[in-house]
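First, the structure itself, so that you have it in front of you.
Order as written gives the chain letters A, B, C and D; numbering starts at 1 within each chain.
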Amino acid sequence: MNESISNLWSIPLFIIIPILAAILLNVLYSRKRAISVTAAVSSLALIVVSVLSPFGFHWFTGQPAVLPTGGYTYRADLLGWNLALEYYYGPLQQIAIFLASVLLLFVVLIAINSLKKNTGTYISLLFLTFMSAAIVIMVNDFYHLWIGVEIGSLIVAGVVLATGEAVSQKAALKYTFFSALSGAGLAIALALILGVTGYANISDAIIAMPLNDASLASVLYVAFGFTVLSWIYAGGLAPIHPLKADVYGSAFPHATILLQTQSKLMLVAIGLVILRLFGTLPFAKEVMLSVSVLTMMIGVVMAMLQTDFRWTLAYLIVSHSGLVTLGISLGTVQGIIGGLFQAVNDVVYMSVLLLACEGIYYFGRGTSIKTVSGIAKRAPWLAVAAIIGAFAASGVPPFNGFQSEIILIQASLNYGMPELAIVVLMVSVTTFIALFKGIYNIFLRPDDAPQAGEKQGMPVPRMLYVCLAALIFITILFGVYPQLAINFLNEAALKVVYIPWVP
Amino acid sequence: MIELNLQFLSFMAAAVLVVIGLGGMLFLDNLIKKIIAFTLLSDGVNLALVTLGYVEGGIVSILEPGTSGAAFPTNAVLIFGPGIVLTNIVIGVSTTAVLVAVTMVLYQRYGTLKASKVLKGERK
Amino acid sequence: MIDAFMVIAYVMVIGIAIGAVAALLQKDLLRAAFLSGAESIALAFLFQALLAPDLGLTQAIVATVLMPGIIIIGIFKTRRHEEE
Amino acid sequence: MGSIDSLYDKVKRFVIEFTSGKGTSSAMTGYMTGELQTVAFIMILASFFRIFSVPLGIVLLAAVVGALFFFGPMIKAMERENSSGLNRVLFWVMIYFAVIIAVTLWG
């Protein structure tokens, strides 16, 4: 690995390009052609930067401690040479940001036709969503982590509001009210950790952590509780899942792609931080495990009850977040690889399903399984895409969901918890049932409305099919060659387990 | 007997603010009142963070030309509270702005500010 | 040994508690907004007493102008009195 | 107590709970599958207690199976508790946070 000592050129670009694009798009406001050119060029630039960039660090204050041999160390006891506010760009960050920017490109291209006015403002919010996800996945200090989570939650409200429906306005209001709790909790956790260890940087804090001091242990537990609270909030885990599912279900389906990417990346990033900092505390992993098991099961049961395809998908996204956190909170190398790979796969196959849902939306009669039927005759390729997405989501072999779920099942068996493997199996089977209930009713049931020819709705944009084809290609690629993704994730998992102070 | 010094009293004030804020968010029905309760909650958290760093009989942690370098690290107020709170105040203002904007839109739609009517859980 | 500055700080602590309760008990939302602003100004004085003058200044600006301003705009666009 | 008659009544009530209300076919299958899922899930949760002691796990499992049958369809309560009312979510978050802190502090 060619990790460089000096500040990496590419890391500021991941923040600056989205912000500049957002400002420019806000100014352009509703000039369609200029907006589409600007947005496409900016997101292409993000993809190019994420592919070309080497691995390395960026420090805002402080320096790494340099050894006489020319290498550098993470020793916190060298005064004046402390790491401080720090970003890291490694293999995990590379694949996460690459996928997120590819999805950003697709979403932006589809979103241009979605709003009659204020298109520029809406797309600038999408760029800021990407920015908050990139901040949180790259960060190695609490301060930027906190800011990223706070900005992210505010922007989610903005993206959801863009649909202009009553449901989405209510969802945005409720979600923003809760940002008070989670943001305040993360701030208090940050203050407690700063008070106990004296460092805002996570590497420094881990080394300076007074694990043997019994009088400070309770402070650490409270900090752990508040961090878990913000983790639950940012990722939509068990007690806050109704609000997050409202957010997913009431945004435009294409916007939900970016929202779920953001929350999966936040789950991975904050989960790894909790594991690195508090993994040695007793009962920490058990708390995280119970949160993820509850999320999985409640999410999937609630998905069974929905009669609208959007809401089924919304609860399934929540439930599959539980799969990601299950792998991370097992704390073994295999488990973490499984969790990270599940996050990557989840983002891809849920995007396939959400784009299919967007396609149904264009036929003009909503996405409820009671009123919509017989789409397969009019859009056969959309039906094929939705079925492939459903197979991938429920872990059928040639697609990518299978590869990560088998790693998760093996990891939980090796951990000595066969019940967790049963839960994972139950989740994938129920995902299949819930999705096919919707897909059968929407695509395959014969059209009961005799005047179906009258309500043709909008034409489905050609771009949607191109994006679906690209995403299905990635789905099958990761399903056949899982090593393509796992090679990126190995290093992060090994570092978290064996040398947690290295980002 | 707990000594009634400034730090203890400030913690009490912060606890009162947090409890009143949470209670207001839970039990009050008016949306504007809920937003005011939210500002009280974030004020309470800010106060708690500042009080955590307070040192009895300390000095402000700004290195002025007159201050002696030796006494500064031991006497100065811990800097982490102010560092976080400064950001938290700004975030609180922007969150309040978003909340008020959404409330205005919801009022135009429903004609009422009662949370029990506006936020009724009808999904369709 | 209590000097005048500390007395002010104690008064501010009591003022915060009373202001917070009083703001939420009002039927008139405009008065509630002003009372919460007063509570925030008391908080600014308390920040000063807790040796964080930079925060005191920021909080004073936010409490006098921004926070009540935003809420008052909201009240003027909706309604002033709480409905039964 | 425990006679055939009362058991029959209980089963009848159990079935009628499903068919009343949203008794359309597509919603109905969802409710039935969801109920089965919930029952299986709660039994799995009960079996987690084998970590502490095996006999306790067996007793708890039996108790949970009895309780599930007694309290009728779980899915209605589940759906009610998972609605997105602001106060309900706030309440559950507070309970959750208290449990997390209690488990880690005194666990």
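In this section, a residue touches a chain if its C-beta (ideal position, glycine included) is under 8 Å from a C-beta of that chain, and two chains touch if they have at least 3 such contacts.
Not measured: the values here are computed from a predicted model.
Compared with subunit D, which chain's mean CA position is the farthest off?
When every chain centre is compared against subunit D, the largest gap points to C.
If you tally contacting C-beta pairs, which comes out ahead, B-D or B-C? Let me know.
Taking the two pairs in turn, the one with more contacts turns out to be B-C.
Just curious, how far off is subunit C from subunit B if you go by their C-alpha centres, in Å?
It comes to 11 Å between the two C-alpha centres.
Return the distance between the CA-based centres of subunit B and subunit D, expressed in whole Å.
38
Taking each chain's centre as the mean position of its Cα atoms, how many Å separate subunit A from subunit D?
30
Tell me, which residues of subunit D touch at least two other chains?
83-84, 86, 90
Would you give the residues of subunit A that are in contact with at least 2 other chains, written as numbers and ranges?
Residues 174, 177 of subunit A each touch two or more of the other chains.
Using the touch rule from the top of the page, what pairs of chains touch, sorted by label?
A-B, A-D, B-C, B-D
Can you check the complex and tell me which residues of subunit D touch subunit A?
24, 26-27, 29-31, 33-34, 37-38, 40-41, 44-45, 47-48, 75, 78-79, 82-84, 86, 89-90, 92-93, 95-97, 100-101, 103-105, 107
Tell me, which parts of subunit B touch subunit C in their complex?
Touch list, subunit B to subunit C: 6, 9-10, 12-13, 16-17, 20-21, 24, 28, 30, 32-33, 35-37, 39-40, 43, 46-47, 50-51, 53-55, 58-62, 77, 81-82, 85-86, 89, 93, 96-97, 100-101, 103-104, 107, 112-114.
Touching subunit D in the complex: which residues of subunit B?
Of all residues in subunit B, those touching subunit D are 25-26, 115, 119, 121.
Name, in rising order, each residue of subunit A that touches subunit B in their complex.
For subunit A paired with subunit B, touching residues are 143, 146-147, 150, 154, 157-158, 161, 166-167, 169-170, 172-174, 176-177, 179-180, 183-184, 187-188, 190-191, 194-195, 200, 308, 311, 368.
Could you pull out which subunit C residues touch subunit B in their complex?
Contacts found on subunit C: 6, 9-10, 13, 16-17, 20-21, 23-24, 29, 32-33, 36, 39-40, 43, 46-47, 49-55, 58-59, 62, 66-67, 70-71, 73-75, 77-79, 82-83.
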